[in-house]
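Presented sequentially are two complexes of subunit A, the first with subunit B as partner and the second with subunit C.
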Partner chain A sequence: MAAPAVLVATFVVGGGMATSLAQSLGLFPLVGPPSLTVAAYAAQASELPAGIGLSLAIAAASTLVACLVGFTAALVIVQGRWCGKLVAALGTLTIPVPHIIGAASMSLLLADSGLLARLFNTGGGWPELVGGPWWIAVVAEYGWKESAFVALVVTGTLATRAVSYDETAALLGAGRLRRLRHVLIPLSMPALAVCATIVFVYSLGSYEVAWLLGRAYPEPLPVMALQLFNSATLTARPEAAAVAMVTTTLSFGAVAAAFAYLRRSTLWR
Partner chain B sequence: MRRFSRRRFAGLLAGAAAALLALSACSAPAPTHPGLTSWGQVTAAAKGQTVRLWMYGGDEQGNAYVDKTLIPAAAKVGVTLQRVPVADTKDALNRVLTEIQAGTKDGSVDLVWVNGDNFGTGKQAGAWLCGWTSLLPNMSLTNPTDPLLTDDFGTPVQGCEAPWSKAQFTIAYNAATVTDPPHTLAGLLDWAQQHPGRFTYPAPPDFTGSAFTREVLDSVSGGYKNVPLRFDQKAFGRLTPALYGRLKALAPSLWRKGQTYPKTSTELNALYAGGQVDFTMTYGPAELTKLVADGTYPAATKVLTLQEGSLGNASFLAIPATSGHQAGAMVVANLALSPQQQAAKADPRTWGQFTVLDTARLDTAERDLFARLPQSPVVPDFNVLSKNANPELAAAWVPALDDAWRRLVLAGQ
Partner chain C sequence: MNGTVTVEGLSKSFPGTSTPVLDDVNLSVEAGSCTALLGPSGAGKSTLLRAVSGLEVPDAGRVLVGGQDMAGVKPERRGMAMVQQRPLLFPHLNVLDNIAFAGTVRGVPKRTARVDAAEFLDLVQLEGFGRRQVTALSGGQAQRVAIARALAARPSVLLLDEPFSALDPELRSAMHALLAELRRRLNPTILMVTHDRSEAAVVAENIALFSGGRILQHSSVELMYSRPASLEASRLMGGANEIPGTVCNGSHHSALGVLPLPCDTAWPTGPGILLARQESIEVSAADGAGLQATISGLQGMGPRRLVTLDAAGVVLRAEVPWGRGLAVGENVTMHIPTSALAVVDDSDTAHLYADADERPSLTSRGRAALTGVGH
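This part shows the complex of A and B:
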């Protein structure tokens, strides 16, 4: 049933990556004859380590925040009282908001002359959240948007798989903390791991939030790639493709690690 | 969104990998001759064509001028004009370059508002149709020896783009907080050091930030006459240590202690509008009038006039070699050059873009159109603003200066 969709997706993603790879290796130059070379990678070698480190750090921090908040929200939703319904509604409303709108809203909210700074009237003492050295607004945006995604997926798992075990454990006299530790967390781990991988790879590869809310230097990999792609210098396009290939490799590494973990997990079926 | 469509486009390209490999031979500059030899032929071929004008979409007045004035005028001469907004002119150039790579003959870009390094890079890659502006009847109203119109950031125009507007790099300040405005660029940098945190500039390669570093280069070199317009590595090595030395010394006194910079001129404008800095800068001073009038900018906003003058340039309309509606695009370029359109565009209530026409070549009625334009309360007259106008450096200077700025000032290496 899914074959046509998979086929189209493979064609688009595979084709895009093949073109990027070929371009990064100098096979599709804008001017001059094509030649196989790693010059594009070498040209960015000095900038790449900082970019890789920053991208991985932003993705890891965002994933951690999204998973913690999302899992907590899922627990609140599953217990099903009025506040659970409220959290579920908020989560559902968050999902369709595009990241770029989220980023613009974060900027209006958290910037030095933003809503919160004006509300508290700090008189210049507002912390550097937007464009600051710790990329807080960027992580906050990813954490907010993706926690809703994590919450809804984990809620699905908990509602279908965990409720009966949870009730059994309660009947046998387990307290809340013991049920959390021995029933709810282990049963949600596979779903959490899948969500975490998706969130990690997404925040590693998307540029608009980091571009809008980040600082000018150092640049995360996707921002660096876009900057190079848009550069008026004709030799910069292979370099942009090279940075994109590095990002792709990191993403595949993260997915491979997640699959290795899930294969060992007995709950994954 | 943009990235997604690019990816998909790239995917389609890869699907035809074999064809592409054959086509990559076409990426060398292609001969670009319109195949139209008289204006009569052009107007006949243009009838009923749809022309897509790709232009920077962040200027609301510019958008409104095109939508409400230029598009209806084009419809009257039988050409359907559509405005395609882009976040940066580089997006339009990139689209054309991708179309050249793919061998497209009926591309999605018919006309581009362009100048500077985007024009230079496109010309180098054969992206523009050339030798067509001499066909336009209204070209006779411009001065053929005007250096702003014969060279675009040092790249000879050679009929590859038709002039549209003139612009003057302008620094604006809030006279309510800056009581002792400087009169030279060196004085401005000194002012910034005496008032820590109240000044900054957009990080190159942002267009405005890049222009600001060129102004500083002229200033630290003792005037624009000491900076050769044509790029050469020797002059770069001789002149730029003073530039980056000055900017590095200035950095600790900038907004956020110079540890970061606004990434775009839009961010700088937001800082200025929010009262976080006292100066902003623009290559399109026309926007100031409206921003002050609607309260976005402080009411006391004034234009800083520098004794040594400031950079001036012209912007143009270029037709991509991949366009399938080149005759229609020529008709629109000619229309945009007409005295009526140029006067409407120069009206500060409409857009306030300075004209490229030579008023000495206009008849009395046409000259009157410009004489009747109202004065802006914020922006001085073009004659005042462009006094001692400094010429723009060759486009090859721009990426070299921007790259070195990122390496030396931003990354602090």
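This part shows the complex of A and C:
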């Protein structure tokens, strides 16, 4: 029954990746005869290490924030009290907001001319949250948006069994913190690992938030790929494809690491 | 902590329900004893167990364990453990670590907790299963591990919420034997919820009979069967024979004639319904001594048969063993041992008693009726 969906997905993903790989290796040139070469990779060799490091750092920080906030929100939601319902409603409202709208909102909120700077009236002493060296606005946007996703997925996992296991642990003498450490976190780990992987891969590969809220240099990989792709020089397109392939390889690495972890987990088996 | 459990005036309602789940429940359970909370589904048994454990906060009343009021005491500090119908073994831990859980969360070094857990694993006859994943256990094995895990917490009170109801009959018998052995060796106070009369009688020495959020009767298993306190209690305990009549001078007068009542109880004079357990009625050939009756129905019940008898216009039921040929329409003699008889209030006629205020109230419903008439 899933065959049609698998076929379409394979065609789109596989076709796109094969085209990018071919273009990055000189096998799909816009002009001239095809020839196998790593020139596109070599042309960006000086920029890639900084781009890779920055992209991994942004993705890792965003994933960490999203998982911490999302897991905390899930615990509040699972309690089922009024604040849990409020958090669930806020999370549900956050999900459909596009990232580009979120990025624009973050800019209006966190920039040195933004709402918070005006509210606190710091007189020019407002930290560089937007376009600053620590990419805080970018991480904040990803953390905010993706935490809602994490919260709802983890809530779905915990809702069916968290209460009964929590009560069982309580009657075995476990206090609140012990239950969190020995029961709720372990039970949530598979769902958290899957969510973290999705958030990490998304943060690593999407460009619009980093492009809007980040600084001009160094560029994260997706911004670098986009700039190269939109470059007036048509010969830069293989370089854009090369950067995209590096990003894809990193994403596959993250997914492979996540599955390796999940395969070891008794809850996943 | 001493394992005596006392429940005083406990009431509990849930939002959206018109009647309380628990209504002024009073119960006292001695340390080291096993009491079955018996009753139909929705009677409030599990809610009482949860209130005792601290998982539910009662609207009124209090729970005392060893004389200490448990109000405001968190479940983890009550010295109790609970085993439910589902074993609820932690899926991320193996069998040994599940049993070692209580020690681990108490801060006992992991190695020590595991050594201790292995002893409890042996106790439930699952030695060698420690390294198994909980998903690799059968239902009976998982429930044994759940019991071992609860006992490893050294609870003064062990709460069992229909722990064996999902097991097949053979496995249930094995678990009953295991529970008896565990009681002999560890002697915790046990409160066990069940809706199975047979299980309650096998496992516990006392039964608290529930209906509609109230305790109808709390007594020994023997008294629960032989001296039900009300018609409702008798019916919930499976009693099938109710003969209306009058008590006079220690005997019950009815269409069956004059039947002497057990002399170990002072039976109040006046209208009363005679109860006779169907398991105690003996059926023999028509020429024997006893009450004459005609068989009007036969129904198989596994190792026994349920015989419906018509005696002087009174319909009675008796459980008799296989072996003797019986046929519908056959005339037989039946004998009801005096020790199998009891008399309870007829709640419809309780208000007729002239000396109602002096009579001991036999049922909560009877008390209410009498009080209403009295005022």
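Throughout what follows, the second predicted complex is superposed on the first by the 267 of 269 C-alpha atoms of A that agree within 3 Å, B and C clash if a C-alpha of one lies under 4 Å from a C-alpha of the other, contacts with A are read in each partner's own complex, and residues count from 1 in each chain.
As a convention for this text, a contact is a pair of C-beta atoms (placed from the backbone, for glycine too) under 8 Å apart; a residue touches a chain by one contact, two chains touch by 3 or more.
Not measured: the values here are computed from a predicted model.
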Put the two structures on top of each other at subunit A: do subunit B and subunit C fit, or clash?
fit
Tell me the contact category for A:11 with respect to subunit B and subunit C: first, second, both or neither.
first
What's your read, subunit B or subunit C touching more residues of subunit A?
B
Which superposed partner A:45 touches (first subunit B, second subunit C, both, neither)
neither
Let me test your reading of the model: by the given contact rule, A:207 touches which partner, first (subunit B), second (subunit C), both or neither?
first
Partner chain in contact with A:34 - subunit B first, subunit C second, else both or neither:
first
Write the angle, vertex at the C-alpha centre of subunit A, between the C-alpha centres of subunit B and subunit C, to the nearest 10 degrees.
150
Just to be sure I read the superposition right, which of the two partners does A:175 touch: subunit B = first, subunit C = second, or both, or neither?
second
Figure out whether A:226 sits in contact with subunit B (first) or subunit C (second), or with both, or with neither.
first
Go through the superposed model and pick first if A:89 touches only subunit B, second if only subunit C, both, or neither.
neither
Minimum distance between Cα atoms of subunit B and subunit C in the superposition (Å)
39
Residue overlap on subunit A between the subunit B interface and the subunit C interface none
Quick one: in the complex, what on subunit C touches subunit A?
53, 55, 74-78, 80-82, 84, 86, 88, 90-94, 101-102, 104-106, 133, 135, 149-150, 153, 159
Considering the complex alone, what residue numbers of subunit A touch subunit C?
164-165, 167-175, 178, 182-183, 186-187, 189, 265-267, 269
Can you check the complex and tell me which residues of subunit A touch subunit B?
11-16, 18-20, 22, 27-32, 34, 112-113, 128, 131-133, 207, 211, 215-218, 226-227, 229-234
Could you pull out which subunit B residues touch subunit A in their complex?
3, 7-8, 10-15, 17, 20-21, 24, 27-29, 88, 90-91, 93-94, 97, 100-101, 117-118, 120-121, 124-125, 203, 205, 256, 259-263, 270-271, 274-276, 398-399, 406, 410-411
